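Structures for review follow.
Here chain A shows up in two complexes: once beside chain B, once beside chain C.
Right after this comes the complex of A and B.
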């Protein structure tokens, strides 16, 4: 069968599953006794194993299987969760991720899984030793069962406990268990099974289960009967000693109560555990509802194009109805207009994803970093449901990684130093996202040592920047310059002088800005502002030499009306004086090789791009409008003056100027 | 092979229909200042923005005729409009009547000899390399 068509789905879902595993295992480390987390890990691991198996990636399936074995030990309380095992599990996830990446890139790199398999095996073996010393199968019985046993014994029935071990490759575990159950039921009466019958039905057990029953047959006969069921590897029959039962009877006051409670609860389906289960289920449901449909991004783009088209034709219709003065038509068109704008909003929203997608990898990263650096660091995440355009989500991860690593490495002081300074020994890094107007803001705050202004000044002077007369915040923002690292030593984590300028460029490419606020000894905050979507912007439409252009409002500081005679020359460059400031002027017509239209009355659009403030001279202002950015195609893509083009209401294509490239 | 035959100036040219996506009437074209001389600009093709090339300028043909049609071709997953004077017809041609010509210009695939007139066959794949 050709599996290639499923490969994409497999890759995407596996990546998602691995992420969930990462999160859950992290959670488990904090809350080792939470069975619900273990179960959820188990479920995800199982899905991963199943998918890898059916796609023929046996290495992945094997490794996941080994991991499942360990998890199973947690679930059955045979193994205690400790940080060593967690580390091995994380290693396991990393290996799996590597393997999946190799499949994605379709290279033939094979990942050696022997080492990690051995590690897992070791954990497994440790467990086996444990089981032997600590047989935790609990066959405590309630008073009713005990009465039956008493009566049965009088009638020459014997009590047995059968340990049934299924074959390793057994596929239908629950079916086999059921057949064994049936077989025993035919020859006697079943008192109890471990795990419970429900769990057996749900295949909620590993390779073995136990059945306690009454029968008149002898051990050999029973064994033979059970082994008649196929795919059974081994059957061990035990006769519980009378004393065991007696102990149970002695302790029965307590135990009966507990058992009764459990039984009652089971029947009511309303135990103290179930409410939690239910909550978890609800949560799961929510999650499912959020990610129920996978849509190719290309289809969404097409969808958006079609809606855009609809808007264009609506505008045409509106013009026609005005021309012919048809009131009825006009009213209908107003309705259509409302619907199309709703539709447009909806398409935009469909492209948005919660930033959780990016944030969810950081708890794991902080855990690793704090181990690596020997610092105690806590990560607080807020506002992970803030939504951003898919493109931004894809790109923002890398700069955030840089900033968080910096915060952990340079920001947070070593524990001893913190204690000396009277700070809490645990360092805190906050990652906060929220929406502010049509921008999304991400803040990365640490409570570490803050930026050292003197150090930055020295560094700046050493590379030839004059810091005299610069404000403190200007000096702090120097760290975003290329090759600017004040770290004395280069570590694996940060300080190679590449981080910050890359961060800035990357964010600028997304149409965003980054700034830093810092107080010495108190901490540092990086504030990133990003447009909510990349494909729709607010723009000012201007006319230059008869052509219309759009300028993103994000760059525009203000627009002023001037008389061309106000333009002055200094150092052979054109400038204007505005509020006592000298602002250099760029004539757009000149910049774009267009013939200048003569008029005394013109407009200056004052734009800010990075540190530069420049006035763009234009002929006319046509107004502000929301526009959809569309690519202008390969043929013209190396023209750096434009970021793209858009189609206006009248169907005409208009170029969008790239202010950053022009000034 | 099926080709679209069109006129530019006094000459006739052809493109394989395999790469032709459609034939449009002249559209509104937005000038792109700073673009290469043969690019007439951008047009709105049913919600998609396409670049339009003036084939006349691209092939260095002098003609004062008005462009009536734009042929939309799809090359390397990208649609591009080619401005031509007028589209004449779509015909099937036998490979035998195509005469290969050797020249440095790999834009020309050959010449189709229809006896009454000849048509230059443009290699669409090599357009805009």
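Right after this comes the complex of A and C.
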């Protein structure tokens, strides 16, 4: 059968499954007794195994199968969840991810799974040893039972303990157990079962159970009878040694009984609360599954592009109708205008994804980092439902990883140091996302040692930057310069000083900005501002030296009309005084190497980029318009002043200014 | 050759079971689509073993087990249950069913159960 048609969906679903596994296992580490989580992990792993198996990816299927075995041990309380095993499980997930990526890239790389398989096997084996020793089954008998035994023995009855092992894939286990129970009941008297009858009924057992009973039949006969029930793998009959049993077992058992009760209560409580949530969750999931459709991103991009074209032509039509003053056309166009705006909103929303997509890999990362660094770090995530354009989501991960690694490695102090400083021993890294106007803001805050200004200054001077007269925040923002690393030691966790400038470039490429606020000893915050959407923006069209330019409204604070003579010079820089504030001025004509037109009456567009407020001097304002950003192509890529170009209503190609780069 | 009565309301299931059984040397002496019919055929034919579905119209499998057992305490009945019918299966066992198989049917499981019940 040709499976290639299912490959895409397999890849997508298995990636989702891996993510769920990552999250759940992380959760499990925090809450090892939560059966709900284990079950959910088990389910997802099982799905993954099934999918991989039917696609013929046997390595993946084998590995998940081994994983499942371990999980099954958790599920049946044979194995305790500990951080070693969790680490191995995470390793499995990493390996699986690698394998799935190889399939995605179709690169024929094979991943050696022998090592990880051995690790899993070891865990599995360890457990078996444990069961053997742990499961020396305790039959506690009360005096009443003991009397019965005594009397029974006198009447030629024997006491047996039958260990019944069900077939591996036995379904309806408790009905099966009940059948065995009934079979034994027909030939004798049952004294006790381990686990208890109630537990057997609730299927609270693994593949085996024990029944202690009195009968006149001999071992062989009993065995044969029990084996006559189908789906029984093995029956072992044991004759308990009378006196041993009583004394030994009793003392031991009281303890166990108590423990067991406590645990039972606990699990009961857990299960009592969780099912409700669970159901609701399932319901939600079902709902979602029915209401969503998977769409190839390429199609969405095409859709977006077409809507973009539509917007361009609409503006052209509008212009024409204005020129020819056709009222009828104008009215229709207004209608078309509304619909295109709606369409545009819609396609924009379709492309938006919650930033959760990016954030959800960080808890795992922090866990690994804290282990690696021997630091106790807590990650707090807020606003993961903030939505961003798909392109931004795809690109923002890498810079965030870098910043978080930095925070964990350089920001958060080692535990002893924190204690010495009187800080809580556990370091905190906060990852917060929220929407602010037409921007999405992501903050990465740590409560670590903060940036060391002196160190940055020294470093700056050593590479030839004069820091004199620079404000503290300017100095701090130097860390985004190329070749800037103040860390004394280089670790493989965070960079060699190639990082921060890459972070900044990456974010700038997305039309975003990043800045740093830091207080020594208290911590560091990185604030990333990103546009919500990339391709269609509201822009102000301005004229400079006869050329038209577009400025994204997102940056614009306000526009003022000034007389050129109001511009003053301080410190060799041009500024204006506006509402008692000194605002530095950039003459766009100068910046863009255009010949300045002389006129007294000009406009200042006050823009805000990050923490900076700057006035851009322009000749004329043409008005506000929706524009579609088109990349300007490879040839002109080096023009840092522009983010792209757009086609206006009159067919004119206009450059869009990159405010962040200019100020 | 053991004589079997197949009871199931789904013709598809009866067909499948019949297939499995006849291929393995059993003689299917009758098929019943409900409990009432099953009791009737049992009384007339006295089969060696009965495979009994649980949920059926008119008379369900459990009631049928009770009536057949009342007529013949040595009757050998194997329940055919779907997943999630654990309580019903137990009820049937209490009423005297000797074993059960779980749908979807696996031929080897069916044969194992039959072999064991027939001892």
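The rule is simple: the second predicted complex is superposed on the first by the 352 of 663 C-alpha atoms of A that agree within 3 Å, B and C clash if a C-alpha of one lies under 4 Å from a C-alpha of the other, contacts with A are read in each partner's own complex, and residues count from 1 in each chain.
The working rule: a contact is a pair of C-beta atoms (placed from the backbone, for glycine too) under 8 Å apart; a residue touches a chain by one contact, two chains touch by 3 or more.
As the structure is a computational prediction, the values presented were derived from the model and not from experiment.
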{"item": "Partner chain in contact with A:230 - chain B first, chain C second, else both or neither", "value": "second"}
{"item": "Partner chain(s) touched by A:653 [first = chain B, second = chain C, both, neither]", "value": "first"}
{"item": "Which superposed partner A:645 touches (first chain B, second chain C, both, neither)", "value": "first"}
{"item": "Partner chain in contact with A:569 - chain B first, chain C second, else both or neither", "value": "neither"}
{"item": "Contacts of A:293 with chain B and chain C, given as first, second, both or neither", "value": "neither"}
{"item": "Winner by number of chain A residues touched, once chain B and chain C are compared", "value": "B"}
{"item": "Interfacial residue positions of chain C with respect to chain A in the complex", "value": "81, 83, 85-86, 89-90, 93-94, 99-102, 109, 112-113, 116-117, 119"}
{"item": "Complex contacts: residues of chain B adjacent to chain A", "value": "28-35, 39, 41-44, 46-51, 53, 76, 78, 80, 128"}
{"item": "Contact set on chain A toward chain C in their complex", "value": "171-172, 174-176, 178-179, 182, 201, 203, 227-231"}
{"item": "Interface residues, chain A side, partner chain B - complex", "value": "305-306, 308-309, 312, 547, 592-594, 630-636, 639, 641-642, 645, 647, 651-655"}
